[in-house]
Every structure is written in C-alpha cells, then in structure tokens.
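What follows is a pair of complexes built around chain A, which joins chain B in one and chain C in the other.
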Partner chain A sequence: MSILRRLPLLAAAAAVFLVGFWFLAGHRLLLRHISRATGRQEVEVIGCWNCHLPRSRTELRRGRPHPEPRALAPLPNGLLAVACGPTREIVLVDPAAGRAQPPVPVPGDPAGLAVAPDGGLWATLAGPGLVVELDPATLTERRRLQVGLRPAGLAFAAGGERLFVANAGDGTVSVLDPAAGRELARVEAGREPFAVAASPDGARVAVVSRMASVGRPDRIPTSELTLLDGRSGRVEARIPLPSCHLSEGLAFTPDGSRLLVPAVRVRNLLPIVQVARGWVMSSVLAVVPLADPTPRLLPLGGPETPFPDPGGIAVDAAGRRVFIAGGGGDEIEVLDLEALLAAADALDPAAPEDFSLNRHFLRRRFACGDNPRGLALLAGAEPLLAVAERLDDTVALFRPDGSLAERIPVGRPVREDPVHRGDRVFHDAGYAFQGAFSCRSCHPGGHTDGLVYDFDIDGIGRNMVLNRSLRGVAGTAPFKWNGKNPTLQRQCGPRFAMVLTRADPFPEDRLEDLVAFIQSLPPPPPLAGAGRVAGIDTGAVARGEAIFFRDRRRDGSPIPPSGRCVTCHPPPHYSRFQKADVGTRSPWDGSGEFDIPHLTGIGSKAPYLHDGRARTLEEIWTAEGVGDSHGAVTDLGKTGLNDLVQFLRTR
Partner chain B sequence: MKLSPVLLAFSLAAAGLRGQADPWRQPVEPRRPALLYDRFESFDRSDGLPSDKVTTVLALADEVWVGTDHGLAVRRDGTWRSFTPDDGLPHRYVTSLSLDERGDLWISTLRGLARLSGGRFQVYRQTDSGLMNDVVYHVVADGPLVWAATAAGLSCLDTRTGSWALWDHENSIMHEPWCYALAVGPDRTWVGVWGGGVVELERSTGLWREYRDPDGEMEIDLLRDDGPIHDVSSFVAWDQGVLWQATYFGLSRYDGRRWRSYLAEDTGLPGNFLNHVSARGHTAFLAGDQGFAVFDGETCVRYRRAPDGGCEVSIWRDGAEAECRHLDTAPADDYVLWAQGGDSEVWLATGRGLSHGWREGEGAPSPAPDQENQDGNH
Partner chain C sequence: MRTALPLLALTVLTGSGCREPVAVAPAGAELVLAAPAAAVGAGPWLDGVVAGARLLLLDPARPDEPPVDLAGGLAAVGPPAIDSAGRRVVFPARATAEDRAALWECAVDGRGRRLLAEVPGEVLGATLLPDGRAAFAATVPDEAGPSRDLPASALFTVAADGGIERITFAGPARDPATLPDGRIVYAQWLPAAEGRPAPGSFVLFTVHPDGSGAAPLHGMHGEPGRARRPRPRPEGGLEHLLLPPGGPPETRLVDWGSPRAACSPARSAAPPRPTVLPAGWRVLDRVPAGPRPRPQGHLSSLRPGTAFGRLLAIDARRDGRGASVRLRTSDGVLGTVPLQADGSFFALVPVDRPLWLDLLDRTGAVLETGRSPFWLRPGENRICVGCHENPETAPPNRRPAAALLEPLDLSAAAAEVGR
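What follows is the complex of A and B.
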C-alpha cells in the first residue's frame, strides 16, 4: 500500500529526471545517434523516423515511376518497340494506328534495344546485367544471357552471328554468340561504353564511351571510340575523341566509310568565365573516317544558337539526311549528309574552330517534346522519324519536314511529381547562358563527368576542383569541396547562377524540384566482383574491411584516432561531413582543408582527391600520398593496400 | 556389398571431373622424333629491330613480336615496326609477351606492365594499380586472367572485374617474393621463385604447395632426382602434364609424381646456365648461355655456333653424344635468352639478334606454333 501511495511521487520524480536528462544530455546523444546512423546533420524533430525512414521526404515527393521512353527499335512487323527503364517495361507502339499497346514487364530496366536478322527483339536490362531475347509480337521472353555491369547499347554483326553489348558499368563490351547462347569474349573499351553500331556489311562494330577516360587533370579530356572486328570481337583501333564526351549515340554512314558521333565538346581547362563567351561547352558531331581515323569535329550549334546535349542519331540512307536529338533544348536537327561529309573532308583538324560551320550542312531544326533521346526511322509510304520524348512519356512521329504526324503516350499515365519536375529542370539547358548546357552536361545520369574545372570567382587558375557526383548526396551536407554550402538549395541557388550558368537563377519552385530530384538519385552501385578474381573470393575485401576499421598497426602499436580511416569516414555514408586536411594542398589552393567526401559508390567516381590528381584509388596513397597524412597506411605494404582498395570498391 | 549404380555413376563422374582439372593427368600427344632444324635466318638492327639484344619473342600466325632491351618490335608482311617509350611503352626493356583471348598483347617490362590493344598502350604500374611491383619479369594471359611475376611477388588481374589478387612471402607459401617466371595449367599456376624453387597455387582452393631443392642452396646436386635441381628458378613451363624448371644450375622435370634432374655433362644441354624453357607436349625448348636445345627427356639436340659461322648440331642419347652434324647457317649468337619452338620452326631471342630456324624439308617457313603454346604454357 505504501508503494502505491508513493507511486505519484515516484512518477513525478522520474518525469523530472527524464526532462532534466533530456535537456542536459539526451537531445545531444540522440542527435549524435541519428547523425552517426544516417549522416544527417539537419534534423528538425528527433524521432525514430529519422533513422528508419531516412528518405521518407524524398519518397513522399517522388510519385510512381514514369515510363521515360529512351530506346527505340522498329520491328519487322511494323511495330515500334520502346524501352521504358524506370517502369521496367517494354511497350509496343503501332505507328499506323497511332497508339501504344499495354506495357509488358521485363525482368529489369531496359536500356537498349536491337532487332536480330531473324526478327527477334533483344533488350539489355541494366540492373541485373542481362540481355534478353523477346518474341517481337508478344514480348514473351525466349532466353536471357548474363553480360557485364549495367549494359546499355547493343548491335548485331556478322549477319546476326554476333551480338555486341556495351557494358557501361564495367567498361567492357560483351561479344556474344546468340545462336549458341554464350559469351565469347569480354573486351575492355573506354570509360562507360554506351552506344553500339555495326557497319552496314556487319564486318565492323563501333562502340562509343560516354565518359572521358581518366587522365591527368591538366590534359585535354578524351573519350574512346572503340572499333572491333565484327566476328572475332578483336579490337582493331581505339580512336581518341579529344575534348569530346557524353556521347550516347553513333551511326555509320550508309557506305560504312565513316562514323558519326554526336558529343558534348568540353573545354574544362578554360576558366568558367568563358561560359559567357560560349567556350566552355558546345555540341559537335565527330565525323571519323575509318581510313584515317582522325576525328573531324563539326559544330552542331551555331553562334548564339547552341544545340545542347546531343544524344540519339539516325541516318536516312535514302533521303541522305542525318537526324540528331538535342536533349537539352528539346529540338531535332536535320543535317544534309553530303554537305556534312564534304565539310568534314574540307576541315583541317588543326584549324581554329569555326562556330558557324554548321551553315554548310544544317538543313532544319524543329521542336519536339521534353528531353528527346532515342531516334528511329520508320519505313513506309511516308518515312517518319520516331523520337522518344523521355520526360513527356511519349513517342512522337515526325515527317521529314519536321511537322508532327502523331504523338503517342506510352505506358500508364503518371501524375507529375516534384522529382519528375526536377528531372525536367536538371535536363533543361534553358537555365544556362544562351541555353548552352544543362546540369546534365556536367552530371550525366546525375553522376559526374570526372573533370576538373576552374571557377574564376576566387581567381583564375586558383582552387581548381574536381566535379563531384550528385548520386547519393542526400543526407551528406555540407556541399562543395570547401564545405561552405549547408544545403542543396544553397548549392544550386543564385550564387550558382552567378559563378556557373551566368544566367538568371532557378525560380524558387524549380529550385525545390531540382533539389528533390537530386536527393532522389541513389548512390552508384558498388562494383560487383570487387575482390574476386576469376570468380574466387580471395578474401581481400574482408581483410580490407579489417584495415579500414583497425585501430592498431601491423606491429600492434596504436593508431591515433586522426589516423584511422573510420574516424573521418564513418558508415553509413563513410563521411563525417566535416573538413579535413590530408596533405593535398597545392600551391594554387587557398586552403588545405577540404570537405570529407562520402565513399558510397567510390569505385565509380574516379579520379579522386579535390583536384582529381589521383587517377585511381591506389594513387591516393602512392603517387599522391604523403606519409600517413591521409590515414595510417605506410605499414600496409602493397598487399594491404590492395585489400583496402578492394574493400572500398565494394562500398 | 552391392554398389548402387547411381552412386557408381556419381563416383565415376566425379573422378572424371577431377581428372579434367588435374594438371598431371592430361592427354599426351604421341611421342615424336627429336626435332631437327637445318636452316637459320637472323634479324638485327640493320633489319629494323630496335636493338640487337633480343630478350623475348612471340610468333603468331601472321606476325612475330619481339621484345628487346630497347623497345618492342613486330614483323608483319616482311616489315618491322618498332615501339619505344615515346609510343607509350612503359619501359624500353621488354621481358616477355603474351597474347590474350581477346587479341590484346600483354607486355612485361622493367617498369610496369602494358596492354597493347587497338594500337594503344595501357600501362599498369605499382602506384596506380594492383600490380605488385614495376619490375615485371613474366606475364601470362590466361582467359580473363592476366598473371604477372614481379620482383616483389605475384599479381593476377581479373580483367572482367578489374580486381587484383596479390601474393608475396607474407601471404603465401613462397620463400621470398622475387618471382621470375610463371606457368599456367588447368587449375594450377606455378611460379618460379628466384631463391625459392617452384611454388604451385591450386586456384580452385587457394592452396599452395612448394617444391624446393632438398640440397638447399648448394651448387651441386647431391642426390639426383630428389626434387628441383636448384632453388634458383630462372624459368618454368608446363604442357600436357609435365612441368619444366630451368635454373642456372641445370634442368628439372616433374610429372606430378617424381622429379628428374638433368645436367649438361650427361644430357647435352646447352650449358647448365639456362635462361628459358618452353614446352610443347613433352618436348622442352631450352635457351642457355651456350646455344639452344630441343630435349624430350631422353634425346637432346643441341645447336651451337661453329667457328666457321655455321652451326654445330650435337645429338645426345643415353647420356652420350651419339651424332654430330654441321649446318651452313646458325643462330645469331650462342647466348640465347628465349626459345619458342614448334614442329617445324623455332624462334630464338639472342644477344645479337633474333633468329629463326626451320626444317628445310618443310620448304618456306611454315606458320607459327600453335597459339596455345605461344608463351610456353598451355
């Protein structure tokens, strides 16, 4: 009884204790707990949802996935196959009837489509790393083959006896024997091989890489055009495309003598002040004669009329025309093939760049829907150009004169949401000076172009910094290498317009949408197979993990907290979200302290360090390392360093 | 006890699978008579090689690749073309060459490993990749794997994943990390270690085995056929169930059960200082400091320059010289660093140029040896 009488008193004492504890230490402890678990620094209201629904806000702002048609493939039965990656569906469109059939689910996100000589439809599925053969009438799966990471484009060669698949995720090309259903070889290509085309006779295959190869930051970036034998898959030539990157399409000329590659021409070695003169980013068509594979770079845009983010390309052999999709300006360019080749032949690669050269071969530009990607020519009494309008979820059919014949919605209609609106902002070049480039022009797929830029706001030639990936940045504030931007709104706000886009800043509502889109981007996936050699687990990842979390050297002596990897790179984001000095300051840097980058997807983020001086993870601690200034590593030896690198590649 | 037919079938299948992976139980080609080449031609700087000191050679169906101490060269359609560090080669001194299944050429040098693909060199160094050390003595491409024997251990690159595996004296059985040569067979990789004999990696299990000279580092073979003839391995080669170890103190042969040792005095080897051995079937091609030889374990045919500029061919059987012949033409030099042989021709890297020998009865030089055997491995 006495206890019962004292119960209110005990409860009151407990309440006083809890409130006191909360004010004295609890709030701080819980904040630290949430921060450690999620990496979030800006928690408004503390609660379980902060950890257990870490992306709830983003999820709430993202509705159902949109179809986002990207790749197109005309089928022998007159239908048009459309790949809808986010919804993991393929849609058959009937151009004659002007409507789409109900979408058919496939076991992954389709990225590329190709039609075999026997009429079968083949698709790459990026997520699971598969190519699947589908029945062209019903889209029923016939069989599947495993290829490399994140396959994108594909093409048949050697009369259909070979299928070439560009594996964007691991920089390889799979050479397949479709009849036998097996992979004959996996050939290394450039960085992020993306589009594939076979020559008209099927004897050769070309693969273009979307990213510039990792090189020294003070050299002109170069992406690779890989030329392979159409039967053996042997690499015949690796053709450098200087200053070119972000290519997502290529085509042979009808006679097979030249390759046509739309690309972004980037001049990142110039200070950003040159944006206002049209110099930093422009679009080109690389014409590459196979007899003399020196690329001729012809401008797709003209003075004050840029043609940002070129992507898909289609060559009309009969009409002697070339169609190119402009993803940043929502336009299609029509080029005269003969005039184009004549201009390319007459071009001296060493001559000063003529921004008005397209007057010789540009025949027409016409508007299309938002973010046009894949193009396809449809044969018929009246030839039509099919355009995948990704952000409008439609496929448009245009006549050669640019007039719209039909616009066909694909997939189930989805309501607009902030993330999707932000996707539009991200890919819209209209927010930059003269509409010359979009966010995507430096951040393909929300990732990074891997280049170093000189922002002139703190002086030309000073504080040159590596472009950082936007993938997985949610919850990793602050931003910028100097850690001065506490939010993405600040990062992409008016100051950004002043130093980069040199135009009006994003309207406030658009800025919020853009941030929602950026926060929705997942981190790059870890490199599958890291630490495995010939399929055998060498134990390197487990040993590397032990090194990452260790607090003692190999000789048993303690490592001070400042020398432990985990001190600055704690999971789950592997960053403490503060600045640190790891001894990488150069004479051109204003400070030696830089924001600690998060390490999720680090294997796909080369080059490394704030100015991109380390081309590989190894170089962080070898060529560019100074003693133990960037973690205690000098006792590791080469095998220990390799273990650490293999572990990091799995994050 | 009655054996279940299912169990019996399973056991037989398992035995068959084991046999397939067992490098010591390989189908063996019928024994062939000792090879005899009777014509030689040579190439040097005057023909377009970057140097007279040729260190390695790789003959393919339609071209011959040559490594020298001053660069790389290739002969196509009768014309030589050279590559130097100015072209992207990581170092002028080329130690070995290997062609992978994709048609890319792998080049080991004294300052890194390179892959020549589509006309461009991609370089791997110890500072920017998992390559164990920049001093690479031997490279072997085997399927998607590229093995590199370096001065600080063994590296293996899985070209499909971009991952490296590294082994040295701290994480493997090898006595010391100075790896000089490699041989790759079914589920096995053998490494010739400078002072550590031969080590064997069973790839499917990750298990290591070491073969050392029971006589230690003594420079005489106290007890014949008791193991590798010496711990200092200069090269190893494997084919069809036979492993050869070249040393600077003689030759060893291992068939999975017993070791045999061979010395110049009683076998006819081109000296006991052997630089290189390659294998084809049960025949070894030996490069030494006193010429080169073709040896099948019983018969040895040794080629050495004669004072008149011709070639002295000495045929040894049963421990004694049985026959001697004289040829009008000879290899460029008796100091031979690399020998790649086939049924009807042989390519020799010598201190004074590249030499090519063939059987005159065969007419014009025939196609190169099988590409399977291009670098002394399967």
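What follows is the complex of A and C.
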C-alpha cells in the first residue's frame, strides 16, 4: 500500500532521471549507437522501431482473385477464348449465345493466347514460364513447353511451323518448333518484350517491348520493336521507338507493309509543369513502314481530348478500320486505315506532335467497360469487336458503329473488395487533369517505367528523380526519395494532385482503396534464383551472400558498420527505412541524403540510384561509384562484385 | 422542457428545424436573360448589364407556370452563370441606375439574393468555379484599354469570405466560363500581329482559377474576327460567337473530340423563343440550368507573397534564328537573357504584370518584337516553347539546356523600371 502511495513520486523521479540522463548523456549515446550502425551523424526524427522492430515482408492480402480478362483469341469453332490471369483460368465464350462456359483451370496464369493454323489453342503461362497447347473445344492440355521468364504475347509464323513467344521477364524471344516441341533459339529483344505479331504471309514476326530500354537518364528513352525472320528467328532489325513505351499491342497492316504499335509517348525530359496539351505524356500510334523503318508517331488523342493508356489493337482488313483500346479512359477508338496511312506518309517524323492530325483519321470513339485490354474481331454475318473489360470481369461485343451487342460476364463472380476498387482507381485516368493519364501510365503493373522525372515543386531542373516501383512497398515507409512521406496516403494525397495530376486529389475513400491496392502488390519476382534461370551460378550467389553480410575485408581488416551492406539493407526488406548519403549527390540535388531503397526484386528495377544514373547493378559501384562511399567494395575486384550482383538478383 | 423535447426531436429528424430545402434547377431548365429590344438594339449583344432586363428561370416541363425573375427589383442585369449542381446563380447587376454593376448571387429559385462582390469597375460577366468561388470579368478604370470602346478589363475571383483577387493581367479579358477540366475559358484581346488584323481581336484563352497557366486555346491565328462568349456545351465541345468584321455574328463550335473540323458553324437549331416573353423583348442570353457533371478542381501551387515566377522557354528561336531575348514591361526593359544552344532560356520574372519578349540577334538587333503579353503569378513555374507556340502541338522530349542552369533573375529589375 505504501509503495502504491509512492508510485506517483517514483514515476516523477524516474521521469526527472530520464530527462536528465537524456540531456547529459542519452543523446550522445544514441547518436553514437546510430553512427556505429549506419554512419549517420544526426538523429533526426527516428525511433528505435526503425531498426529494431521486425517488419513483415508480406503485403496486404488480396481477397479472392477476379478473373480480369485480358487476352482474347477467336477460335475456328466460333468460340472466343479468354485468358483470366489472376484466377489461372481460361474461359470459352460463345458470342452467338451470349454466354460464357465455366472457367477451366490451367497450370499457371495465362497471359497471351494464339490459335495455330491447325486450330489448336496455345497460351503463355507467365508464372511458370510455360507455353501450353490446349484442345480448343475442351481446353484440356495437350502438351507444354518451357520458355523464358514471364512469357506474354505469342504468334505463329511460317505457316504454323514456328511459334514466337515474348519473354517479358528476361528480355528475350523464344523461337519454337511446335511440331517438334522444342525451342530452336532464344533471341535477345528489348526490355519486357510483350506483344507479338506475324505478318500476313508469316514470313516476318515483330515483337514490341513494353518498357523503354535502360539508358542514360538525360537521353530520350526508346523502346525496341524487334523484327525477326519468321522461320529462322534471326533478327532483321531493331527499330527504336523514340520516347515511346508501355506498348501492349501490335499489328501488321493487311498488306504486311507496315506495323502499327499503340504506345505512350512520354516527355519525361521536360519539367512536369503542365499536363495540358500532352506536355507530360500523350498516346500515339507508331506507324512503322518496313521499307523505311522510321516510326511515324500519330496522335491517338486530339487537342484537349487525351486517349490515355492505349493497349490492345485490332485491324479489320475488310472494313479498313483499326480499333484501339484506351485503358485509362475506358474507350475504344476507331480509325480509318487509309486515312491513317496517308497521314503517316505525309508526316515529318521530326516535327512536333500535332494533335490536330488526329481528326484526319479518327472516325469514332465509344465508351466501353472498365480498363479495356485485349481486342479481337469476330467474323460473322455481323462483324463484332470483342473487348476484354478487365476490371469489370466481362467481355463486351460491340457492333462497328460502337453500339453494344452483348456484355458477357466471364469466370465466377467475385465480390468487390478494397483492393479491386483500388485497382480501378489506379487505372482510371479520370483523376488527372483532362483525364490525361492514370497511375498505371507511369507504373505499369504497379511497377515502374524506369524513367527519371523533373517535378517542379522544388524548382525547375532540380532534384530530378527516378520513378520508383510500387511493387513490394507495403511495410517500407517512409516513401519518396527524400523520405518525407510517412504513409502511402500522404504519398498519393493532395500534394501528389498538386504536382502531378493537377486536378482534385483522390477522394478519401478512393485514396484508401488505392492504398489498399498498392499495398497488395507483391514484390517483383527475383530475376535469378533456383529454377528461374538455367545456368545460374549458385556458387556465385553464395559467395555474393557472404559479401553482403560480411564484416571484414578480404585482408581481414574490419569493416565499420557504416560500410557493411547489411547495415542499411537488412532483411527481410533489405532496407533500414532511413536516409543515407552514399556520395551520389549531383549539382542539381538539394541534398545528398536519400531514402534507402528496399532491395526485393531489385534485379528488375533498373536503372538504379536516386536519379537513375546507374544502368545496371554493377554500375552502382563501377561507373557511378566513389570509393567505399556506398559500402565497402573496393577490395572486391571484378569477380567479387559480380558475385555480389548475382546475390542481389536473387532477392 | 416537455414541449421542447418533441421540437428537438423533430429538428433532429428533419436535419434542421429552420433550414429551407435547397432548390435545384430541373433538368432541361434554362436561365434566360431578356430585355426590351429597344433597350439593346438589334446589333450583337455580348456582356455587361442591361437596364430593365429580366433574368428568368424557365422549366420547359412546366410551361404554364409563371417563371421566377431572379433579378426582380434590380435596375439592370447581365449574363448569368449557374453552378454544376444547378443551385447557385451569379450575375452582374445594378441595384439602382446610379450604382456600378456589381456581382450578385442567389439560389436558382431566386431566394437569398445578395451582393457578392463589388470592384472599382463595372462587372461584365461571371462564372462559378468547382471550388465554390466565382470568377468574373470587370473593367479596370485606372488602366487604359485599347480604345475608347474597349476599356481595360480583367478577370477576378471572389471567395466565400468575400476576398477578391485579380487573376489576369494582360489585355481586356471578358466572358469567363468554366470548362469541364476546371479551367476558365475567356476572351482575351490581343493586339494586331501576324494573323491578327489591326487593331487586334479577341482570342479564346484558358487560365487556371488561380490565374496561372494562361494560354491561348483557339483563334490565335485563325480566320479574322473576334471570338467572344465561349460556352462549353453539355454534350461536349465549346461554342462561341465569331464576330467577323462587318458581318453578322455566327455561332461556332470547337469540338476537339469530334472527327469533324475543329471549328465549324454550330449546326444545332436555335432553341425556340420562350413563350412567356412579352412581344418586343429580345433574348440576350440563355444558359442550361440543370445539374451537370462537376468540373475538375485545381489545387493551386502558387506561393502568395513570392515576388517572382520561373519562366523556362524550350526554344525561343524563330526559324533557328535568335541569340537572346529581351524581357520588358510596359514601363521599360527588365533585361536580356541569352539563349542556350538549343534555344532555351530560364529566368525569374516579376509577377502579376504584363510582360513581353523580344527576340534579338547576336548584335542585339531586334529580330522580332513580341506583341502578345503574358504574365506569371507569384511562385508560378511556367514552361513554354517560345513566342510561337501552337496550342495544338506538344514539344519534343528533350531536356532544355537552360533548365540545368541557374535562372537569370529579372524580378529585381522590375522595381527599378517601376510599376
């Protein structure tokens, strides 16, 4: 009882002692502790939990996956095959009956579909890196072939004797002999090869890459359109698409003389000051004549009327029309093919983008469901355009005049949850000024476009920073390269609207949904690792791991904590969630301290460092490295550095 | 206490014991400004207030009901604007014949009418912004206009607390309206220049509600004539009046989303004359009153109190010629900025005043005299191509060399040349 009575007194004495201790010695001890661990010389506002509270590596759990139809393939039997990646299913839709059959599970997440000349249905399965042949009537698996990482689009060439598969995950194209069931060649392509198309005579195959190749941050980004021989798979041309990226569709003109590639035309080298008039980005159709492969970039949006996030494309040879899906504005554009080609022929490729050209070939725009992706033309008495409406889990059939003939739900119905609602927000351009772009326009698949941007909020030409991936960000606060945003709500809040979308901020409930979606994004899978890349040097990975966690140099001398990799990049996220100065400040940076990035999926996050100056992981310590300022590496030598990089690629 | 409890409950249940239901204009309704023809004549009428005019809310679904006159009892009234919710109306009006025209507001059913804003000049027209503020055009008596018939005028905004802010600083500005993207579209006078006949003409401009980002929208180098009274159409496109020299006014439609030519004569038939109007009255203006989608908002990134704005031009050269640009105000030259090899320049410039750019060669001789004024707001960052920017084009993706340099500070020179 007496002790209880004295409790307030004891508490007060303890408080006085703690305050006194803090002023006399605590701050100094804390600073020494932090400095020993991180090399930092100031405390700022951080807490013990920054380092000592274990953080879960798991992202927000999604509910039951939605079918999210993407790719479409009309079958000779009159049915339409629909790839539903998240549910790992393929659905057959009967357009005549206006209904879908029950979904059929497949051994992976289907990304692309193609029909062989013999009528067989082929699908790429992104996760396991497979191509499977399916019976077009029953969808039973006939056989499977291993290809590269995360295969996406595919197409048959040479009369069905060759199958080309774009391996988005490792930047290659697999050339397959489907009859023999083997891979003949694996050809280097651009970054994230995505869509594949074969010429009408099957003699040529084109592959377009979704991401711009990694280059110097002050140079014009270009994505690669790779032209291959339809039989040998030999590369005939690598055609750069300047300032273009995020292409997910590709088509030959009916005469095979030109390629049509919808793309986002980005202006990342200009300071982001105005969204109006396409000064941040616009959407284009790259018309590439094979005889003179200089891309002619024609605007898909008109003046004051953007057409954000173009995706799927379908060419109607009979009707001489081109259909393009606008994923950000939920619209389909119908273009006149002849007028389009005439405009392309007349265009000076070096001229500034003139949005008024659009009126020469645009015939119609019509609304469709949420986030249209794949398109397919259905032959019949009345030709129909099938549209995969990803976020509505439907396939819509439109007449050529844009009127809706049928809207068919695919897969099992799933209740809307915050993550799915957030997915809608993420892909909706309606939150940006004039509906010019969506979150996806810079973060395809929740990842990054790998480009450097100059936001004007802290001055023009100052603090230019690399766009960071959103995948795996759950639990990695703070955000932004300057580490100033403690939450994703703050990161995506009103300030974001002020400096980027230049419109109303996300409404509060939408912002919460958006954050739920972002937190649900898993980290990118490691580029290298057991079973992912044949020939991975497991010895190098093990040696690299030892280097990463080492505390002594090769000569046995101790490495101070501030020079150890693991000090700033501890597992599981491989980040200390603080800022650090690793000697990368440029003349245009206001500070040399930047948020320590987490390293999960680091292999697919090139380029590197806050301003994207390092094109590869190696360049962090070679071309862009300054002594041991970014970890103790100078004693490693080329082999040791390579081992460290190999280890990082498995994270 | 016993009687108070049921009253309190009723108040809670009904939301508010004394609040009146908020009137909303029915779909299809319109606000019609009409006046005796004798008061306005037969020529084109554009803005300002008209003595004896009436401002009527007409509901076509109830043709037999007598319309509400929102301006009843006011001496003169001008063109109305209504918010996207179909509830709040603003209009210029004079309470008595001796008053200046000021900005008035009321509910769509005419209730709660009050004086909203009064400035030294005459209020000519107004619009309502998505954030609840009103923007209005008013004459500026202490500034000289291009001619006696065309006094200086500018756009202003008025907040709910009555705070008034000027947002345009060049050329007479008239006819504000709100676009679906939240910008204000208005007619701005530009002096004669290439493609614009003497003495000048009205061109359609847009500006953000904070006065930043003013830019030509349409008619910069188009057919001769004055573009006035822009009005976004509910179904898309922008209607405006084209006043050809010496010819009758023509209603034009700018429809960027249409595969048709960008600007064409508006083909929709003129709406029927309201039957409630007395004979000899003329319809001066009519505005759809029913609810429509709320325009986008705009978060201002201006920094009030900042004396400068940042101006980055991507390529100010003309046909590859030009070595520097000279920046001047109406009072004198602020300074000269050298062009980088790619034609770019970067400067800090004074704010809230009209500025002109002249293109100079290596010897300092003027290659081209800037005729179209522009302005920056406090803390505004502005990026442009140069003097010959086409509003329907976007520049190439190239980092301007000047962006990596320290901007030349011309804002301090503003004090020396006076205001």
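Heads up, the rule we're going with is that the second predicted complex is superposed on the first by the 579 of 651 C-alpha atoms of A that agree within 3 Å, B and C clash if a C-alpha of one lies under 4 Å from a C-alpha of the other, contacts with A are read in each partner's own complex, and residues count from 1 in each chain.
Everything below uses one rule, namely that a contact is a pair of C-beta atoms (placed from the backbone, for glycine too) under 8 Å apart; a residue touches a chain by one contact, two chains touch by 3 or more.
Everything quoted here is computed from the prediction, not taken from an experiment.
> Following superposition onto chain A, is the placement of chain B relative to chain C best described as a clash or a fit?
fit
> Going by the contact rule set out at the top, does A:T305 touch chain B (first), chain C (second), both, or neither?
Only chain C is touched by A:T305; chain B is not.
> Let me test your reading of the model: by the given contact rule, A:L404 touches which partner, first (chain B), second (chain C), both or neither?
neither
> Could you tell me if A:A540 is touching chain B, chain C, both of them or neither one (first, second, both, neither)?
In the superposition, A:A540 contacts chain B only.
> Considering only the touch criterion stated at the top, classify A:K638 as touching first (chain B), second (chain C), both, or neither.
first
> May I ask you to decide whether A:L31 touches chain B, chain C, both, or neither, giving the answer as first, second, both or neither?
Neither chain B nor chain C is touched by A:L31.
> Counting only touches as set out at the top, which of chain B and chain C does A:I559 meet: first, second, both, neither?
It touches nothing on chain B or chain C.
> One more residue to check, A:G148. First (chain B), second (chain C), both or neither?
A:G148: touches chain B, not chain C.
> How far apart, in whole Å, are the nearest Cα atoms of chain B and chain C in the superposition?
Superposed on chain A, the two chains' closest C-alpha atoms are separated by 22 Å.
> Where on chain A do the contacts from chain B and from chain C line up?
Common to the two interfaces on chain A: nothing.
> Contact residues on chain B for chain A in the complex?
Going through chain B, the ones touching chain A are 101-104, 115, 117-120, 122, 126-130, 132-133, 143-145, 152-153, 156-168, 170-171, 203-204, 206.
> Applying the document's contact rule, which stretches of chain A touch chain B when the two form their complex?
Answer in residue numbers: 148, 170-172, 185-188, 226-227, 232-238, 527-534, 536, 538, 540, 615-616, 618-619, 622-623, 637-639, 642, 645-646, 649.
> Per the contact definition, I'd like the list of chain C residues that touch chain A in the complex.
That would be residues 130, 181-183, 206, 213, 215, 217, 256-262, 296-301, 310, 312, 314, 346, 381-383, 390-400, 403-405, 407 of chain C.
> What part of chain A is in contact with chain C in the complex they form?
By the definition above, chain A touches chain C via 218, 220-221, 242-243, 265-271, 273-274, 276-279, 282, 302-305, 352-356, 359, 362-365, 433-434, 454, 456-457, 459-461, 494, 497-499, 502-505, 588.
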